[in-house]
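Before anything else, here's the structure in question.
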Amino acid sequence: MDSEKRREILDKKDFLKGTFDDLMGHRVVEIVRDHIVTEIDLKPIHLQPFGLVHGGVYAAMAESAISYCAFYSHKGKWAGVNNNTNFIASAKKGKLTLKAKPIKGGKRSQLWEAEIFNGEKFCAKSSVRLTNLDVK
Amino acid sequence: MDSEKRREILDKKDFLKGTFDDLMGHRVVEIVRDHIVTEIDLKPIHLQPFGLVHGGVYAAMAESAISYCAFYSHKGKWAGVNNNTNFIASAKKGKLTLKAKPIKGGKRSQLWEAEIFNGEKFCAKSSVRLTNLDVK
Amino acid sequence: MDSEKRREILDKKDFLKGTFDDLMGHRVVEIVRDHIVTEIDLKPIHLQPFGLVHGGVYAAMAESAISYCAFYSHKGKWAGVNNNTNFIASAKKGKLTLKAKPIKGGKRSQLWEAEIFNGEKFCAKSSVRLTNLDVK
Amino acid sequence: MDSEKRREILDKKDFLKGTFDDLMGHRVVEIVRDHIVTEIDLKPIHLQPFGLVHGGVYAAMAESAISYCAFYSHKGKWAGVNNNTNFIASAKKGKLTLKAKPIKGGKRSQLWEAEIFNGEKFCAKSSVRLTNLDVK
């Protein structure tokens, strides 16, 4: 599949329709080679019982954003093998904004990092290791 | 808050109502001191665009289950500071079942592990480090 | 290289001679398929300035033990791509004993875990992800 | 202990004498508040049996450098509770240079990151979580 084709797939409005991202209201706002920005508008559904954004929301944002940008940027179908998310500060409302980029490229395996902000507040940092499912 | 009280809070039917767990259909099926079992019945909303369970679902299950069981088992309000999830095998449908227990106790900080299965298949393993927000 | 040959390489007395393991006094005491036990007799050289065993000693033990046992047990040359070590309790003297086993096998990538004890005391747990350098 | 005192302790020529850092030839070349640079001149003792720098060397460098700089920069005695090291590229000879800084401060717990280079080559990235042993 060439990069034109992969771009088309991601550009389709319904790429994320009905997925876990759709459930979370997670949307891609910018994607170029090896760089992606995504957002979530926080609602009560994103919180845990104590009123803070659930840790799984940060981990899931990173997992998605990084997988999609790897798929967009590099040949193959990429899946996370590890997601290591550090929670830096809590958030309650407003918007979460994620930016991600690779720190190690490669055809078989890649390592990416994502930073997630709530306005000016640095809330979470994830590193996600991806493997290329098309390499046997 | 004594353990009786914490137990009551968790036993309330609406403890998870409207939260991210509720959104995911994540339910506690067994909870005793330092041991919790939780489940999700998989539906299309749990998948990523390639048809596999989204990595964030595993990470979020572990984050919730471990936080709730720490709250249930130990004084204080516990929040995750790190969630490290390894994806072992993929799942598509059926049920995810999680079991978690601490590998290091403590009043200020704890380290727990969770294993998540799809039937007989071992799908993910998470370690979650918690901090006690009530210790200043 | 067949398993007989790999076994011979590891059985040679000088396999670790002059390496970082030799420097640390790290020795293999038992190795079979997918199971390894290693030890270090603690000396002042293993400590950090505050008198406790240096965290790097635990991480290095896990890295070595797991790599060697993967090499012993599975075709290919295996190298760590990630080493995640949690420090559970501190140690000062006596002996460190490590046991490791895989939690996910595979020809391209494996995930192993190691537990390190100082007598009865559980001191550290590592997970190490390996990649097979012979798979292109 | 005030910062003047802590600085004096670290400035003493024999602070690392006889420790694991000394064994590895690990030296501090620059230390200011929340920033440290350290080095190792690579020798055969730093290698594993296949001739590459042992993964434990990177993990240990990060563990030390980050602990010392936290001790230098912040009140209290700081110990690592987690060391997560990603291996990006291998090294064989020359010099390893590490730079570290915190990504989350705090009196009880801190999260730092270190990057390790072999000349121009980015070899490893570690995140180390520290806890303040003086906070009960």
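By written order: A, B, C and D. Residues from 1 in each chain.
Please note the rule applied: a contact is a pair of C-beta atoms (placed from the backbone, for glycine too) under 8 Å apart; a residue touches a chain by one contact, two chains touch by 3 or more.
Source: prediction; values computed, not measured.
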- Query: Count the touching C-beta pairs: is C-D or A-C ahead?
  - Reply: C-D
- Item | Distance between the centres, which are taken as Cα means, of subunit D and subunit C, whole angstrom | 21
- Item | subunit A and subunit C, separation of their C-alpha mean positions in angstrom | 33
- For subunit C, which residues are shared contacts with two or more other chains? 81-82, 84, 86, 129
- Task: Classify the chain contact graph as line, ring, star, complete or other.
- Result: complete
- Message: Which stretch or stretches of subunit C touch subunit B in the complex?
- Response: 84, 86, 88-89, 103-104, 111, 122, 125, 127, 129
- Item | subunit D - residues contacting subunit C, complex | 15-16, 18-24, 44-50, 52, 54-57, 59-61, 63-64, 67-68, 77, 79-87, 90
- Report the residues of subunit A in contact with subunit C in the complex, numbered from low to high. 81-82, 84, 108-109, 129, 131, 135
